[in-house]
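For reference, chains read A, B, C and D in written order, and residue numbers begin at 1 within each chain.
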Amino acid sequence: MKKLQSNLAQFVEERDWEQFHSPKNLAMALSVEAAELMEIFQWMESAESRTVDAATRRHIEEEVGDVMIYLTMLAGKFDLDPIEAAHKKMVLNAGKYPVSG
Amino acid sequence: MKKLQSNLAQFVEERDWEQFHSPKNLAMALSVEAAELMEIFQWMESAESRTVDAATRRHIEEEVGDVMIYLTMLAGKFDLDPIEAAHKKMVLNAGKYPVSG
Amino acid sequence: MKKLQSNLAQFVEERDWEQFHSPKNLAMALSVEAAELMEIFQWMESAESRTVDAATRRHIEEEVGDVMIYLTMLAGKFDLDPIEAAHKKMVLNAGKYPVSG
Amino acid sequence: MKKLQSNLAQFVEERDWEQFHSPKNLAMALSVEAAELMEIFQWMESAESRTVDAATRRHIEEEVGDVMIYLTMLAGKFDLDPIEAAHKKMVLNAGKYPVSG
């Protein structure tokens, strides 16, 4: 995670893109990439989407990468780490949806 | 990352939610969460979105957590790791957007 | 359509919201509302989504209304009418996807 | 509106696409098209997005058309008319956001 964060910071700096990377714009870009990932599964039945061919898997991998890139950059604007945020959210979710039994 | 993946697998298993977690459904949920994150910045100017108060930052952290949770679960369906996918995508992006100079 | 456009213009003017209604912000709001509409169907199977109860139908109607409101306001910024735009796009789509046979 | 609805019904029937057009799938497609429309404004400042060149306006018109097409088809599955739904929602919104005076 640290390595991804520092690689991204360098990538953005080398291209002088920081000026465009307000949290508002990064949140839009994240949402656009999430839609591109969803588009892959748009006309599949749920069951079909569980087994995909190698080309589709590579396409999924690229879009997952794009979503992760924007999520990491957006989180970084507020000194947040997506993995830690996920762990904290899981604790809240466990309270909200207790295991029945 | 490995810890998040195994915690999520256990969380889903305990609640018997695997039946709902087709890649298609997870991609929809990811997109819905990305929209909830974006909604926070909807009516702000770009500049305003760079400095938020403590309550807004906590809200952002929760939504970042939700996006990361669904991204990790979706990627896991295809044995993909979001961080590795991001690193691979950055190599492609570097070729697409060379540093001028 | 004309009546909806003029009602919306009056609604916005009375609340002095025009300052927030840049095309960029309206496009974000449209995307957020489309996600809220999609969320209703998130965990349903495709077949299930074809028959919904009365309360769900009312929920769908409200979200369809919100999407239409933002779409009409956004289109209006460029003197566009969503219905005419749809007719024009159908002509392009018919060329792209000819009827086989 | 009636003409758009009947043209769309014919378009879908001629291509035998009804089988793919569950409300769930149409809601996904609507969300993907809304994201494509939003993508046009992604890196613009709010003020910039208010004046666009002729090529961008044509692009906006096409994406507005796509959003309207899927919104109309989705609404039609529940015998809903997007324009009527917008009028009804405006009445609710007027109650929620009264004009200050």
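Methods note: a residue touches a chain if its C-beta (ideal position, glycine included) is under 8 Å from a C-beta of that chain, and two chains touch if they have at least 3 such contacts.
Fair warning: this is a prediction, and the values are worked out from it, not measured in the lab.
Enquirer: Which of these, B-D, B-C or C-D, makes the same contacts as A-B in over half of the contact pairs?
Expert: When the residue numbers line up for over half the pairs, the pair is C-D.
Enquirer: A-C versus A-D: which interface comes out with more C-beta contact pairs?
Expert: Pair with more contacting C-beta pairs, A-C versus A-D: A-D.
Enquirer: Can you work out the whole-Å distance between the CA centroids of subunit C and subunit D?
Expert: So the centre of subunit C lies 3 Å away from the centre of subunit D.
Enquirer: Just curious, how far off is subunit D from subunit A if you go by their C-alpha centres, in Å?
Expert: 26
Enquirer: Enumerate the residues of subunit B that touch no fewer than two other chains.
Expert: 25, 28, 31, 34-35, 38, 41, 45-46
Enquirer: Touching residues of subunit D toward subunit B in the complex: what are they?
Expert: That would be residues 28, 31, 45-46 of subunit D.
Enquirer: Quick check on the complex: what are the subunit D residues that touch subunit C?
Expert: Residues of subunit D touching subunit C: 1, 3-4, 7-8, 11, 14-15, 22-25, 27-28, 30-31, 34-35, 37-38, 40-41, 44-50, 52, 57, 60-62, 64-69, 71-72, 74-75, 77-78, 80, 82-83, 85-90, 92-94, 97, 99.
Enquirer: Spell out the residues on subunit B that touch subunit C in their complex, using ranges where they run on.
Expert: Residues 20, 25, 28-29, 31-32, 34-36, 38-39, 41-43.
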